[in-house]
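Going by the order they are written in, the chains are A, B, C, D, E and F; count residues from 1 in each one.
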Amino acid sequence: MPTFHIELFEGRSIEQKRKFVEAITRVTCETLGCEASSVDIILTDVKRENWATAGRLWSDPEPSV
Amino acid sequence: MPTFHIELFEGRSIEQKRKFVEAITRVTCETLGCEASSVDIILTDVKRENWATAGRLWSDPEPSV
Amino acid sequence: MPTFHIELFEGRSIEQKRKFVEAITRVTCETLGCEASSVDIILTDVKRENWATAGRLWSDPEPSV
Amino acid sequence: MPTFHIELFEGRSIEQKRKFVEAITRVTCETLGCEASSVDIILTDVKRENWATAGRLWSDPEPSV
Amino acid sequence: MPTFHIELFEGRSIEQKRKFVEAITRVTCETLGCEASSVDIILTDVKRENWATAGRLWSDPEPSV
Amino acid sequence: MPTFHIELFEGRSIEQKRKFVEAITRVTCETLGCEASSVDIILTDVKRENWATAGRLWSDPEPSV
């Protein structure tokens, strides 16, 4: 019954999402030995202004060195 | 202090959400014996292109048999 | 396809959890008009030292007034 | 490697988010002794119609006493 | 920067988890075109008494037909 | 009403958690202008065998170069 929540930057096409969830489901069944029907995946499209690493929003420019 | 995160397909009306959170809160207090004021519920409206089961996006047609 | 993640303080008995998920599922179907089989609920038992409100861990004593 | 998911009502400006994630990252490094580069923060803007406390949606008026 | 939260029933060996996260990371990079170093995966081992489908805890026996 | 879910490697002392949530709550109120009583923080202690970056479990040794 694996349930996935996956956060990724917004901007992926439906075609990319389709291939992504197909591949994730396939390798999950292969490595965990479960039925495809038990794999649920929920994607969250995150805006760059809502994700920060090292205290910097990804919508802000990287500091020049 | 139960805190709920509930993901559901987008498209519910506010009236449906209102009845839903009222009922969830009521039965939570009844079965867990807690105060209504301690029950927090956050809903997430999920697009069908962001939810997959068995490797298929819910925005894609079901395969014919 | 509603999927619930519910965080609650540890210490609930299995009997309480059983009644709780039964009731949550029932009122979800009633108010959202979905099939019981589409309702998934995942509970997380949270230690009081891992939950804070107003900056105070719930494992710490409330300040006397 | 602390990873934050923070839900807050929608309506914050980017400037508020910028100061917020800077401050959160700074105090995390100070109190946990970790590198800023290991701190990831994901914000979720929640509509008032998607958050309920005590069984009432925050988009609904408070009951008069 | 995909970040995964994956809930699965407890009981997987470290060797299964190792193969699982390797495979998930590989197909994520292939289908989304991202760097492996940007893929973070957090697993949550869930007890059967903490997961319910259709209102039944997975620790409880299935009803006989 | 900011609600935080924070995942961090297991092994923090209660004293570290106490200082951490105090500081997080303080800077949240300062930068977002909210009441301390509206800030909820839930910590999740994650085992190193349950966290992977770049396809490697943190419980596994780093590859030598």
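The rule is simple: contacts are C-beta pairs under 8 Å (C-beta built on N, C-alpha and C of every residue); 3 or more make two chains touch, one makes a residue touch a chain.
Chain-to-protein mapping (UniProt): A, B, C, D, E, F = 4-oxalocrotonate tautomerase.
What you are looking at is a predicted structure, and each value in this text was computed from that prediction instead of being measured.
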{"item": "Chain labels contacting chain B and also chain C", "value": "A, F"}
{"item": "Remotest chain, chain C as reference, centres from CA atoms", "value": "A"}
{"item": "Repeat of interface A-E, chosen from B-D, D-E or B-C - more than half of residue-number contact pairs shared", "value": "B-C"}
{"item": "Winner on C-beta contact pairs when D-E is weighed against E-F", "value": "E-F"}
{"item": "Greatest separation from chain E - chain, by CA centre", "value": "D"}
{"item": "Turning angle required so that chain D lies on chain F, C-alpha fit (0 to 180°, nearest 5)", "value": "180"}
{"item": "Approximate Å spacing (C-alpha centroids) for the pair chain A, chain C", "value": "26"}
{"item": "Separation of mean Cα positions, chain B and chain A [Å, integer]", "value": "20"}
{"item": "Touching two or more other chains - residue numbers and ranges from chain E", "value": "3, 7, 24, 26, 40, 42, 51, 53"}
{"item": "Chain-level touch network, classified as line, ring, star, complete or other", "value": "other"}
{"item": "Interchain contacts, given as pairs of chains that touch", "value": "A-B, A-C, A-D, A-E, B-C, B-D, B-F, C-E, C-F, D-E, D-F, E-F"}
{"item": "Contact set on chain F toward chain E in their complex", "value": "7, 46, 49-57, 59-60"}
{"item": "Interface residues, chain E side, partner chain A - complex", "value": "1-9, 12, 16, 19-20, 23-24, 26-28, 30-32, 51, 53, 58"}
{"item": "Complex interface listing, chain F residues touching chain C", "value": "14, 17-18, 21-22, 24-26, 36-37, 39-45"}
{"item": "Interfacial residue positions of chain A with respect to chain C in the complex", "value": "3, 40, 42"}
